[in-house]
Amino acid sequence: MATAVGTTTEHTPPDQIAALARSKPSRKARFGAVASYIGMGLIVLYCVLPFYWMVVSSLRLPTEGRSTEFIPSPISVENYGGVFAGGNNFGRSLINSLIVSGTTTVLTLVFGIVAAYALARLQFRGKPAVLWVIMACSMFPLIILIPPLLKMFSSTEPFTWFPYWVNTYQSVIIPGLSFGLPLAVWNLTAFFKQLPVELEQAAMVDGCTPGVAFRKVILPLAAPGVFTTAIIVFIGAWNEFLLALTFLTDPSKQTATVAISKFTGVTGFDTPYGTIMAAGVIVTVPLLIAVLIFQRRIVAGLTAGGVK
Amino acid sequence: MTSARPARRVLIAAASLTALLAAAACGGSSSDTPAAGGSSAPAVDLSKRGPIEYWQGKDTSGNVKNIIAAWNKDHPNEEVTLRELPDNADQQRQQMIQNTQIKDTKMAVLSVDNVWTAEFAANGYVIPLPADQFPTEDFVPATVNSGTYFNNLYAYPTSSDGGLLYYRKDLLDKYDLQPPTTFDEMKTACKTIQDGEGDSKLNCFAGQYQKYEGLTVNFAEAVNSAGGVIVDEAGKPAVNSPEAKAGLDALKGMFDDGTIPKGAITWQEEQGRQAFQDGELIFHRNWPYVYALAQKEDGSSKVAGKFDVAALPGVTGPGVSSLGGHNFSIAANAENKGTAADFIKYWASAEVQKSNALATSAAPTRAALYTDPDMVKKYPYMPILLKSIETAQPRPKAVQYGDVTLAIQDAAYGTLQGQQESDAALSGLQTKLEGLIK
Amino acid sequence: MATATAEAPVRSAPGDGRKRKKNALSDGQGRLAWILLAPTLLVIIVVAGIPVLMSIRESFFQVNSGVDPNTGLVAGGERFSGLENFTAIFSGQDNVSGSYGQMGRFINAFFNTTLITVIAVLAETILGVAMALIMAKAFKGRGIVRAGILVPWAIPTIVSALMWKLIFDEAGVANRILGSQILWLADSASSFWAVIIADVWKTAPFIGLLTLAGLQTIPAEVYEAAKVDGATAWQQFTRITLPMVRPTLVVAVLFRTLDTLRMFDLPYGMIGPGKYRVETLSIFAYLEANAGRYGPAAAYAIVLFVYVLLIAFLFVKILGADVIGDSAPKKAKKKRGDRDATTGAVPALQQMGGNH
């Protein structure tokens, strides 16, 4: 951002440039640099310290759940064993989370891409209304949906004709779509709009139908946006708690977030912090790794609007 | 206009579909229909047999599966499946109710917290148990009472709970003190011990005072031990009395003068147990489950072997414990009620109760077990616990218990935090309870 | 707004005298568009539209909770109660002691929700913009910071609530570091701040990331020209930086506001239900539904929904939040560097803030 000290606007002999580049930056610039590094350090600490605490708490002895030592001694992985203990069903719940989040993401992308195409490329009446409906859909408080959905999915009157969906994956996936779809449609519409129509027109001049032109020309270009949307939707679906808690009561069907909330220790009153933190780490680390690997893409996708 | 036709058609179709569904929604249940699974017929059909599900909160003892396995071995065609619910009592209740509303036929036996009996019975979530099939003479009367509603037994007593005073026997012996019977005696004992030990981390006493059900329990115990009641024998709220005020004031006073540490206002059962086990409390009010954990020799408890159990102290005299415990009910929508009934009787039988209590230190409901030599040998506090349960007072029976307990917590918590004066709190509570308990 | 020109018939022969659409893809657009939109709209109607209609209907009814004095059984069924569920908000029957004295439980929740939203969104915006400014200045180490910033986002909300519950425990590490004895998790003013701290922690980094993106679109020459003209750092910030990130920031703040208004997971998981200092409207509606009072619960949820819509409307009208993106295409052309507000950055905030 700040131009490197030493460049000038006049034409300077190369050796002078080299000399200038080697020269020490001014005190003010150095102070600014140091201050910004301190600032960055603070930012990293801010973001990471609570997570560090979570990891540290998971590495204590199970009986020392509420200790406040900064570094546990002894370091123990017993909590991780406790996470997968029989009653918790945690392994199964991770698989369930994967199934639910994965399906939600795929469906959201499929529905979202075609909807975004319609919104970005096609002209039709009622477009503003559609946009407003989609936007309004992302504004509901969840509690408005739960009691009626419960009646619907349990075939209670007046929905006796509706199939019995309690304790099935679709009871969480379909409502979950209603959260991710507005987001996906928005995101993807924006991306498609940025890509000029001329690209598709060029492809069509070459003989492609609009659909093929879209698939072969636009989608690959919009890949960063699609990718980012996929990750955001996936993390959102993974995060989902209330729907899963309501509709997936069977222990063999429940998702990881619900399973964590149900962890107990030895007694009924105990909040087993060690095991819960261990489970939290287990649930977060894959997301973290994925996010870190793809961070460039994510950030690029998130900020792509600004960098044309 | 014309190319808008497909658009218009879709819109119209969508609108009519929505209207149709909404109309269907409006059409339902606008008249007086009985509550879900309502059992207006007094006679219950207990003939059907087959596999059933047993619902309870998280099994922390590890012994439930053994009990069920033994049953399943003898009844291969009537298998019982355990469905564990979250350990939070509110969530258990919510899931049981929700499952009833969706008319699940597999859920058959419910482990009902004794404060939910009225709600479950009145709303028809569970059926009354025929007296001839479910005899109650051998049980501690307080536990039978907790499963009764309008003179019908809706829940068979299977486990109980009473408050106990844990105390540091080593410290009391050191200063030649006896376990206190009143709070004043306790304060005097504490002063002696704290002066003598000179340990600033050693606090006197704590119970459960965070804003949750445990606060209702501790509040009830304070009020009852001062001679007051929350609801009188006729079932009408009577909490705005000088005795109740004395009880609440005693509790507040102990916070003010430091008998109870300030942080205890955020404590539930586990925080208190932790403090006691770490040697930071001389006296501690908690449930029987703490005994086994505090006796552990693995280093987690610094007070192993150094503590003992006594009856609760009170304001004007010996304390009155609040009755805890769970009872078993038959779900109204269950298909195989015959198996459910037999399973309940099996669990409540003397053999199963004894083996379960020996394995888990759960408080049984059969009176004879409290004086059984095997039991007393393993758990020396059994006679004290029996006394605690026999004299225990149940919390108010109300169909809307959730609101009742919240109102009680509001009043107690507000007073303990100093936001309200105790008489204002109690008179407000009385008004609210009169609206809730009719 | 999409221009509603007189649309040509679906099957129009070439050389037809009527007006053509703007781009060559426009044949048969209407029907195709609706087909493509059908799955999305169907999902929305079935899982969102119908429940909302049902909730609206429910809000005009009350469950019969009277107990028969002979059998002790509840009467059951429901009765039409008109606007009673809504007017009960102001009746003063349900008084609780919150941060603002004695008042109706709904009004208490309303104030809680509003105050939490205002304070949290303000804090996370300021913090986020500060983070962005710092990150914009540095060269090396930006990768680490970028990675670090995504950590709060990757932690599931319920895990975050439990994590902060441990940190804020009365004998926990927060008190240890501060050397204090604050009862963060009691039902007191401190629990209010605990919720805000936990929420801001999770969301400020994201605003930082988006603001950074906005900052990166500002050409360096603009700053240099300003410096040459003698502008101070503060003037550069207020006259150049802020106006140029304003569009993104406004939409970001809008979505964060809407999310925080509906906050449920964090106070519920950290502090617990029934705590009037942090009870938000979402929690209150949820507890009422749990207690079987579906009518009032639906009424409160609808009021919350209307509140959210109102705030969104105000943002769009007063602050000019450009959420649709379709609107005012001409204006977008005039403002250089004013990006289409529906860029990927902004909708991410919808999801990032933790669900409804």
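The chains carry the letters A, B and C, assigned in the order they are written, with residues numbered from 1 in each.
Throughout what follows, a contact is a pair of C-beta atoms (placed from the backbone, for glycine too) under 8 Å apart; a residue touches a chain by one contact, two chains touch by 3 or more.
None of the values given here were measured: they were computed from a predicted structure.
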Higher-contact pair (C-beta pairs counted), A-B versus B-C: B-C
Most distant chain from chain A, judged by the mean position of its C-alpha atoms: B
Where chain A and chain C are represented by their mean Cα positions, the distance between them in whole Å: 16
Centroid spacing, where centroids are CA-atom means, of chain B and chain C in whole angstrom: 38
Sites on chain A at which at least two other chains make contact: 66, 124-125, 148, 261
Shared-contact residues (touching 2 or more other chains) in chain C: 7, 29-30, 33-34, 41, 50, 54, 171
Multi-chain contact sites of chain B, meaning residues that touch two or more partners: 4, 7, 25, 29
Touching residues on chain A, where the partner in the complex is chain C: 1-3, 32-33, 36-37, 39-40, 43-44, 46-48, 50-51, 53-54, 57, 66, 68, 70, 110-112, 114-115, 117-119, 121-125, 127-128, 130-149, 151-152, 174-175, 177-183, 185-187, 189-191, 193-194, 197, 200-201, 204, 210, 225, 228-229, 232-233, 235-236, 238-242, 257, 260-261, 273, 276-277, 279-280, 283-284, 287-288, 291-292, 295, 298-299, 301-307
Of all residues in chain B, those that touch chain A in their complex: 4, 7, 11, 24-25, 27-29, 57-60, 83-84, 86-87, 95, 98-99, 101-103, 268-270, 274, 289, 293, 298-300
Complex contacts: residues of chain A adjacent to chain B: 63, 66, 87, 124-126, 148, 150, 154-159, 166, 246, 249, 251, 261-262, 264-271
Residue ranges of chain C touching chain B (in the complex, touch as defined): 6-10, 28-31, 33-34, 38, 41, 45, 49-50, 53-54, 57, 61, 64-65, 67, 71-80, 95-97, 170-171, 181, 183, 185-188, 272-276, 290-292
Residues on chain B engaged by chain C in the complex (per definition of touch): 1-7, 10, 14, 17-18, 21-22, 25-26, 29-36, 38, 40, 90, 94, 97, 118, 121-124, 149-150, 210-212, 262-263, 265-267, 271, 399-400, 402-403, 406, 409-410, 413-414, 417, 419-420, 428, 438
